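Each in structure tokens, the structures are laid out below.
After this come two complexes, each holding chain A, first together with chain B and then together with chain C.
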Partner chain A sequence: MTDFISLFDPISIVLITIGGILIGMGVHFIPVGGAPAAMAQATGVGTGTVQLAAGAGLTGLISAGFMYHMLGNDGLTNIELIQVMVSGAVGAMIMIAVTMFIGQLVYVYCVGVPPVSAKVDKDPITGDIQDIYVSKGTEGHGIPTVSFVSGVIGGLLGGTGGSLIYAILMNAGYPESIRSIAGPSPEIVALAGIFSAGVFYVNAVVASYNIGGTIEGFHDPKFKRVPKAIICCLIASLLCAAIAVPIMGGLI
Partner chain B sequence: MTDPIIIDMGIVALTGALATIGGAAEDLESDVGSQSNPNSQVQLAAQMDFPHRIFNKAISGEPPAYGLWCASSAVVAAVLLESMSVFFALAIGSLVGAILLGMFSVTAHMGRTASQSRFKQPLYMDMVIGHVPAIMAHGYVAVFCIISFSYIMNTIMGHPFPLPLLALFWGVTAGAIGSSTGDVHYGAEREFQNQPFGCGLNASFSGNIVRKGEVGLRNGMDNVWACAKFGGPVTGLALGLTVFLDNWRSTIFTGDNAEWFAIIAGLIIVVVLILLNRIVELNGRKAYGPYKDEEEGGATA
Partner chain C sequence: MSAVEGGPAGGGISATNVAILGIVGGLVGIYLASILNDITATTYFSFFGGIGAILAGVWGADAVRRVCSYGLGTGVPSIGMVALGMGIVAAIFGLALCYVINIPVVLGPIIAFIVAAIIGLIMGTMANKILNMNIPIMERCMVEIAGAGCLVMIALCVTISGTLVFESHVATDITILTSVVQTGFIALIFIGGAMIILHPFNACLGPDESQDRTLYVGVEKGGIIMALSGVASLMVLGVIPAALTIVIGLLIWIVYFTKFINLTKRDAHKVIGTGLLPTEEELQ
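Presenting the complex of A and B:
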């Protein structure tokens, strides 16, 4: 019988906590305007923080799952772990970039508003003047370049964190001692996937409380609240990891 | 002999096509039933003394709702797959998802409307009877397409996640994309056609949604008719592109270092999208701004 204490692998717990912190930080980069943005009343994507972050993160998780399946059935080397993480990050970046781009098409060609930020006078990346393009009674609209780039960085961090958690949980549930040519059983893959999504949601929700509805990206004054989110996500992820790692390890 | 990569690309294209149809149906379903962020205005309208005939069922965000429909349908389909053909298993699984969606719609609409009785918002039974089949039909198409491409990814492309988990994840993603893209057409344009074109909605007009239709009073059917011309198709394009591009870069490269090529291809796609976004941004700024006359007499279009 497996020793109960040995199930609490400290390295796995630390890495999952790091993954959670990356997710919490990533959520702050994603430009979300919530319900006001859906009426072109605020800058950003017209949906909730958690919704968009989770959509991007889960797409990244699907990409990471694919990559892990290609590389990790005989165990992951360090470089392969990085490949899984980057693959997840790229998957999340593609989802968020496509969503923001198509959202932008709707703002510009359907609603008829120029993409503009109301939080800065000039776009820090392109240098475009912003304030005179904000239409009356709104807090900006659309997704200006700075918010778009910020969103892509958010996808990068969220996707990396989610894939790191998935890879570590797979390692915990499918260690070297039980590896075979057939690969991990679907139950282990499913449980690792569900736990990764769970840790993702926990951190996205914690971070969205810190954001309080809307954020335009890294140029938004609310972005200064990130340190608080890091502490909260550290505690939340540590608790999640302390539950998830022994359960995955106990499956063996 | 056919090169295997051609068959692989055909499969990737099929997943993209299914995702495109599924994404469009997902957005249109949320327009008939008014679920998602623009519904805040529908909810607010009654409170601002504008009673209306718009169906209102937003008791949950679209991503978790679609995660639930798709995962439930995929669980039924996965069980049925053991005893019947793939097509029927997926079709019956989707039917279960559509029935769940119908039940959700009726209870959510009645609950939401009942909670607004103090604002004199009536509950129109003809709307319940008329809208719920349309909601279920759009939901059925969306769920069928999503669980179908999840099945293809799982069985043919060899994705390790089981079918219900893949369907859950893609359902959440489809909901996230639908509420981020197509719903902006419904919220910022269709709900507020009484406001000037070429500017965002002035916050002081919140709740003053268009309540008169092309014929009679406007309802969810009128909204989906308009949104099917732009919001729905572009949502389909967004989900289709996400599924296609992600699967394409994972499949096209074979041999040594295929993993790195897949990663680099993905990064190039992202950079191209950033540049395309910049072009659209410049077009928008050229066409609609600046709003110099704001102080004198409202925004110029």
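Presenting the complex of A and C:
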């Protein structure tokens, strides 16, 4: 049993917890409109938080996995860890940006609404007047500039967090003692991937409960609730990390 | 985005009875599959895992139905994904722990279930106390949803691999790690298992939602996922055990889809065939 206790690597657990917090914060930046936005009656992309965050996060995981495969077969140095995280962040940012851009095309050219936010009178980035363009009875529509920028920041945070969790789990499951030129065995890669997906979903859902399902971006008043989400994500991902790290380490 | 917001969901079988059905049914399915396979040294009994997954999934669907009738604000799918997110972490922990600390594999599902319940309790308490969601049954339902997600995951793993052994010192053994995780089927059962739990209420919600109709969708969905995991087990277990799982899964799907259609006709005011829209000439 002493052997099992020694598998609780505190640094790994802390880093995974930080990854979980980054995911939770990232969700708050992504403009999610939910069902009303699907009918162009609210600002944001017309789907749920979890779908958007997971779409971006899992794409980030794939690009992080690609970078890990390029760099990590002989273990990750600190600079390589950052490269893996940046790769994951870029993947997630591209995914969320493409989603918002195509959504925007549909809103503007198919539904025929101007992208506008109902939460602020002036766009904080471009300074464009918002309130006179909001259709009566709606809470804005489309994805205005500030929401787009906010969404890309969300992708950055979510992708960084997701790939941090993945890289740390890979490090735990592929320690120095078994490193070879052939790289980690496929089952360790698959296990780290599915564990990261599990932790990602848990944190994304906790954060989306905090915002009640819809948010426009960092200019939304709901954004002030971030501290609560940080506490919740901290507890949730600490729990998941304490479970995942010893298992990854113990399977060697 | 739930259409029904406010009061608790009522009617039909009580929550406790569904929970007992889910826990006992799920665990019995898992153990029947793995123990019968062990005793007979075959893999023909793997389909019991699929049946266990359906029973546990129906329990999860009922818990989702009860908690979502209060209105979460984030849509029903989110709670199904969190169920499997918590479930998969707990399930892999329980199964892998047996290998890591060398205890009998039969303890795996129980450990996983307890861990899932603990994670669910913490998540539910956080949702109510820190996030102020104020749903009175949140704690209980989160425990149930996490437990159901965990049992569904383990049961579907057993359906595909025919064993509860997560990892073995003998390289040639079929284990969950090599047959389910490494092959990537775990992603299939992750989303598929979430579908059993989240889809029934998502499909049936509304003012006239009734428990039996919702749960029949759960069973029917479970039948599809069971047949799909049968297809996945083709390359792991061979033709005959896989065919058994596929055929039984499809039978369950046909029977319960028919029942669901009948209940839809019962609950609908009237079902009439209107034919195709008239063409322009016919209108003149």
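Note that the second predicted complex is superposed on the first by the 250 of 252 C-alpha atoms of A that agree within 3 Å, B and C clash if a C-alpha of one lies under 4 Å from a C-alpha of the other, contacts with A are read in each partner's own complex, and residues count from 1 in each chain.
What we mean here is this: contacts are C-beta pairs under 8 Å (C-beta built on N, C-alpha and C of every residue); 3 or more make two chains touch, one makes a residue touch a chain.
For clarity, every value in this text was computed on a predicted model and none was experimentally measured.
> Overlaying on chain A: chain B and chain C, fit or clash?
In the superposition, chain B runs into chain C.
> Contact-wise, after the overlay, does A:Ala244 reach chain B, chain C, both or neither (first, second, both, neither)?
A:Ala244 contacts chain C only, not chain B.
> Counting only touches as set out at the top, which of chain B and chain C does A:Leu52 meet: first, second, both, neither?
first
> Please indicate which partner A:Pro186 is in contact with in the superposed arrangement: first for chain B, second for chain C, both, or neither.
both
> Could you say whether A:His69 touches chain B, chain C, both of them, or neither, answering first, second, both or neither?
Only chain B; A:His69 stays clear of chain C.
> In the superposed arrangement, which partner chain does A:Ser208 touch: chain B (first), chain C (second), both, or neither?
In the superposition, A:Ser208 touches chain C alone.
> Quick one: classify A:Lys136 as touching chain B (first), chain C (second), both or neither.
Only chain B; A:Lys136 stays clear of chain C.
> Return first, second, both or neither, reflecting whether A:Phe4 touches chain B, chain C, both chains, or no partner chain.
second
> Where does A:Ile231 make contact in the superposed view: on chain B (first), on chain C (second), on both, or on neither?
second
> Which chain makes contact with more of the residues of chain A, chain B or else chain C?
B
> After superposition on the shared chain, which partner residues are touched by A:Phe200: those of chain B (first), chain C (second), both, or neither?
The answer is second: A:Phe200 touches chain C but not chain B.
> So which bit of chain B gets in the way of chain C here: 112-120, 130-138 or 256-264?
The superposed arrangement places chain B into chain C at 112-120.
> Output the chain A positions appearing in both contact lists, the one against chain B and the one against chain C.
Residues common to the chain A contacts of chain C and of chain B are 34-35, 48, 51, 54, 186, 190, 194, 197, listed in rising order.
> For chain C, which residues count as touching chain A in their complex?
Those in contact with chain A are residues 1, 72-75, 77-79, 81-82, 84-86, 88-90, 92-93, 96-97, 99-101, 115, 119, 122-123, 126-127, 130-131, 133, 167, 177-178, 181-182, 184, 186-187, 190.
> Considering only the defined contacts, which chain B positions touch chain A in the complex?
36-38, 40-41, 61-63, 153, 158-162, 165-166, 168-170, 172-173, 175-177, 179-185, 187-189, 191-192, 197-206, 230-231, 234-235, 237-238, 241-242, 245-246, 249-250, 259-260, 262-263, 266-267, 269-270, 273-274, 276-278, 280-281, 283-285, 287-292, 294, 298-299, 301
> Please output the residues of chain A touching chain C within their complex, sorted ascending.
1, 4, 7, 34-35, 48-51, 54, 186-187, 190-191, 194-195, 197-202, 204-206, 208-210, 212-214, 228-229, 231-232, 235-236, 239-240, 243-244, 246-247, 250-251
> For the complex, give me every residue of chain A touching chain B.
Touching chain B from chain A are residues 34-41, 45-48, 51-52, 54-56, 58-59, 61-63, 65-71, 83, 86-87, 90-91, 93-95, 97-116, 126, 128-129, 132-138, 140-145, 148-149, 152, 183-184, 186, 189-190, 193-194, 197.
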